[in-house]
Amino acid sequence: MTILTDIVFVLLSGFALWTGWRVFRTDSMVRCAFLLMLSFIAVGLMMLLMAAVYIGVATVFMMAVEMMVMALFMVMFMMNPAGLNPMWMVHQHRLSVAAGVVAFAGLTAAVLASTLPAEPLPPGRPVVRDLGTELLGPSMLIFETAGVTLLATMVATVILSSRRGRFGDAMEGACPPGLEPGGAPAGRAESESGGGHHHHHHHHGDHG
Amino acid sequence: MTLVSVLVVASGLIGIGLYGALSQQSFVMLMMGLELMLNGVLLAVIGFWAFSLGGMPEGQLLAILVMAVMAVEMAVGFALVVAVYRKRQADMTEGLDLLKN
Amino acid sequence: MAVSRLSSLAAAAPAPVYAAIGEGAAAAIEDLFLDARLDRAASPRHAALLLVCGRFRDDDIADLCRLHDQLPHPRATLRWRAEALPGFTPDGVDLAPDADVAAALHAVYRALVAGARASEPALLPDEPPNPWRGRGDHGQGGEGMMGGVPYGRPMAMTDDDLRDGLALDAYAAPFGPFLSAFPPGLRLDLTLQGDVIQKLAVARPPFDQPLEAAHPLRLAARMLLPLGLPGLAERMLRRAAGLAPGTPAAVADLARALRWRGARAALPPGLGRIPGGGDVRTRLDGLLAAAGRGEAAPAPGAPMALSELLVGREWAEAMLVLASLEPGWLRRACRADMPHAPSEDAA
Amino acid sequence: MTSALAAIALLFALLVLGALAAALADGAAAALARGRPAGAALAVPLRRAAFLLHQQAVTTERPDRLNWLLAPVFYVVLAAVGLSVVPFSADLVALDLETGIVLWGACESLVVVVVFLHGWSANAPFAMIGAYRYVAIGLPAMLVSMFVLIAAALPAESLALTAVVESQRGLWNVLRQPLGLPLFLVLGLSLTLRGPFDYADPYDLAGGTSAEVSGPQRAAWQVARLTMLVAFSAMAATVFLGGYLGPVLPGPAWLALKTALVLALVVAAGQAFARLPPSRMLSALWLVLMPLAFLGLVIAGVEAL
Amino acid sequence: MSAFLIIACVAVAAALLAFAVERAALVRHAVSGAPQQVPHLGGGAPQTHAWQRYHARYYPMTLLFIAFEMEMMFMYPWAVVYVAEGIKAMAEMGMFLAILSIGIVYGWREGAFRWQ
């Protein structure tokens, strides 16, 4: 049984690393987001192997949703989102490769060099119940702080992303891309009607 | 499957994530690199929890907090992208691309 | 053995038909699809038969050819009450005007499934919209990151947005004249950003349909399709099919079914409001009431341009508005939006 | 181990037979809604599927071929994995996971990804719009169902579905938590792209994510939708109708009967209600259904103490 | 561990099953010609690819969603110990959800659930 565990572990870790690497090597932004999701799923299943029955499954659950949203935004804001033309938008490539390799080598060396305390998870431990008791008892403050943090995040995202924010119409000051960096707006000098002209449409979603 | 092997895989993920975060030009892809690094951190935390902390509940709580950090980072990051795009209406790089054609 | 079992099972299925509806054919096609031997396909990709019915304009022929070629093999074309169209010459079947059309369609369908009838080849030349093979930096026709014609078409470019000011890509394309969700013959040049209509120009107005196609119950049934109530729509059509114009219909049960299914509640109040013509919800109510009294469809309201109604709308809402418009009113509204309004005979 | 293998065999039997039954029910329900005789229409979905196996699978100009082909496959896999945590009897469960409800939730959220991929991959306008619309509705619908499932886990004091079933020995959750099943059915409609929640493949988009899909590929998509319907029905039967509990008959038989009941409910609901425009539905989900789910949680919480 | 193997074999078996259905079909007319590949628009041909920087009109909702959804991570373990902890659990989760509900109400007030 342990042999089987090891085989599955090796397969999953290979898959997690390979999909993680492919994230930066694919042209399609949708594939990119969902490759990262696959990497997370593989890590979630590895956690399941380590008897983290809650965190493992919950990682899959949370990351599926987050990467779905990630895909939406990547398609929205990256040019050529489907990779119809091959994309290569990197800078300081060699430095980054070196940094990645050094980070990996350093961390691995540190892991191999240090003696880690070995106190394995006792079998049959009720890990979900433990977590619940912890949340409601000793870590209650962390739990409620997380609530406040999430509320702050929600408010911040709405303020930042919404057009009708508290701080005036976000269209103010917006201008189309220049033909050269910092240059004059491209090809729409005479069409100033985009913002205010159709104003009656803005509030049409106001039902419900 | 030992703690060492788990940690080596985790550092692999962190290494790839670091490469992505440093090399990618666009902010969104940079966030992908960060997420991948946090993925490695998550794996390492659970590795420690399972092999050397004897299943202390704080280990799981830490993993949840890492995930919460990811969610907050993503939500605020994308909101910033929207806000910046609204102000500038385009990437710098696209201006260059228009120039080329 | 297994294959022939599968074939006979398939042959017993209702024939999936995509209807290209021309002038004066809308009501006949609607009644035809009340037959259980036929399935009305929402997209040509789901059909085996293309039914061409009614009269068409010369401009429609190229679109008809394109529609024909989009059907998967095995496919066949049937013409019913259709004039010969120069340029649209598939090796199809001509049906007599008074034939049992459903039976004939199903017979052709069975022949296709059994392999007794050859599938029709494409009408248009097998050429990509733009030559791309072997061109460009990577042999796929593209240049740089956004340029060129990768795989035959360019990429969409950014444009201003009406509703929230995020200037993302604008998708400009001609929709219709054979789109199942549009009134037959209507062709719109639309610019979409996401699923919101940003710009609209009418390329061709919908076809003129005879009086029976404007029976209030028929018009109400068309509104139910975008609401996802095809069953109730069919019950309405069945009732309308058996009625002479001017006869009151029993609509109490239909009105009850509508309320019970939440059709009225599903329609956003104020959607598609026309001065003097109410909004989508009141128009649906008005149609049912008129059918119950045996009157024609109620007054459609003051003239407006179609773009005033549809620009800035999300697609599903736009389709609801489009389905709720009285056909004569819609034709007038379209003329207001045409760049070169044709001086037609019957305005 | 042997009981797990038996449970896997049962799982696939339930998936296959359930999908067949769902196809028949679909035919009958569509005919009844149209005012046609139901008997003759029973086999129509099967015949349609047989035709689709004779049809060419069309491709578009430059689809994401891999994801387009894999989307229905993933859909079926998610149905099977979701169903694997459902117990057939007290000791007959394919995957006796302590966190079965969370696993089902993971399957729900992955369904959103799969439907999105199905629409995105075609590189066609209607398919794209359908895919994006589905994400808008699918995500909040999933959140609502999570609250409902957590409410069901309260009296069981566990996230395992075996415990959830055992907690219903006295009284089924459908009575104990009256808001639960109706809210969960909303998720079922959205998960299987049906009727009022068919935002992915609707008529006004000429078939939405399926608009460009033909032949065996389309058959696979329809089959996948039906298997997901079976998995959902079994889950709803387990969480709200006491799963395998019942007198005389063996557990798997009770589960199959209750699954059939929920399946019939979902199929009927798919024909019975109008579809709201997506923007209206989005508001309705957050401002009506979500507070209702909160209320359901409060009811369950008070009742469980 | 056996649990894990079972997931894997269930998944693989289901994948094979679905793939078999999909591929078992006849491979007649396998290739689509250029006119057949044009996306369906009801007769017209598009000028550009449909893949684009798609304006998902509900993007503020998705951001709100990922922040709000984090609460699920805390609710699952809470549900397990709820009966054991009693009123205290109810109060703490009530407070937590009340805090997050403020976010939803705020988002609604600012129109985050509308089509932008």
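Going by the order they are written in, the chains are A, B, C, D and E; count residues from 1 in each one.
Basically, a contact is a pair of C-beta atoms (placed from the backbone, for glycine too) under 8 Å apart; a residue touches a chain by one contact, two chains touch by 3 or more.
Please read these numbers as outputs of a predicted model, since none were measured by experiment.
Using the contact threshold fixed earlier, the set of chains in contact with both chain B and chain C is A, E.
Within the contact network of the assembly, the step distance from chain B to chain E comes to 1. If you tally contacting C-beta pairs for each pair of chains, A-B comes out on top. Placing every chain at the mean of its C-alpha atoms, the farthest one from chain B is found to be C.
Once CA atoms are averaged chain by chain and compared with the all-protein CA average, the nearest chain turns out to be E.
Computed centre separation for the pair chain A/chain D is 27 angstrom, with centres defined by C-alpha atoms.
In this assembly, the C-alpha centroid of chain A lies 6 Å from the C-alpha centroid of chain B. For the pair chain C and chain E, the distance between C-alpha centroids works out to 31 Å. Chain A and chain E have CA centres that are 14 Å apart. Counting partner chains per residue, chain E shows two or more touched chains at residues 3, 28-29, 36, 38, 40-42, 46, 49-57, 59, 62-70, 72-74, 76, 79-82, 84, 104, 114-116. For chain D, residues that reach two or more other chains under the stated contact definition are 53-58, 61-62, 97, 99, 102, 105, 120, 123, 125-126, 132, 135, 139, 159, 206, 211-212, 215, 278-280, 282-283, 287.
Among the residues of chain C, those touching two or more other chains are numbered 43, 45, 70, 72-74, 128, 143-147, 150-153, 155, 158, 161, 163-168, 171, 173, 179-180, 194-195, 268, 271, 314. Working note: touching chain pairs come out as A-B, A-C, A-D, A-E, B-C, B-E, C-D, C-E, D-E. Note for the complex: chain E touches chain D at residues 2-3, 6-7, 9-11, 13-15, 17-19, 21-26, 28-30, 32, 36-42, 46, 49-51, 54, 56-58, 61-62, 65, 68-69, 72, 75-76, 79-84, 86-87, 90, 97, 101, 104, 108, 113-115.
Of all the residues in chain E, the ones that touch chain A in their complex are 1, 3-5, 8, 49, 51-56, 59-60, 62-74, 76-82, 84-85, 88-89, 92, 95-96, 99-100, 102-104, 106-107, 110-112, 114-116.
Those residues of chain D whose C-beta lies close enough to touch chain A in the complex are 62, 64, 67, 97-99, 102-103, 105-106, 109-110, 112-113, 116-117, 120, 123, 132, 135, 139, 142, 159, 279-280, 282-284, 287. Residues 136-138, 140, 142-148, 150-151, 155, 158, 160-168, 268-271, 311-314 of chain C are the ones that touch chain A when the two sit in their complex.
Taken together, the chain C residues at the contact with chain D in this complex read 6-7, 9-10, 12-14, 16, 36, 39, 42-43, 45-46, 48, 70, 72-74, 113, 128, 150-153, 171, 173, 179-181, 192, 194-195, 224-232, 234-235, 238, 261-263, 265-266, 268, 271, 314-317, 319-320.
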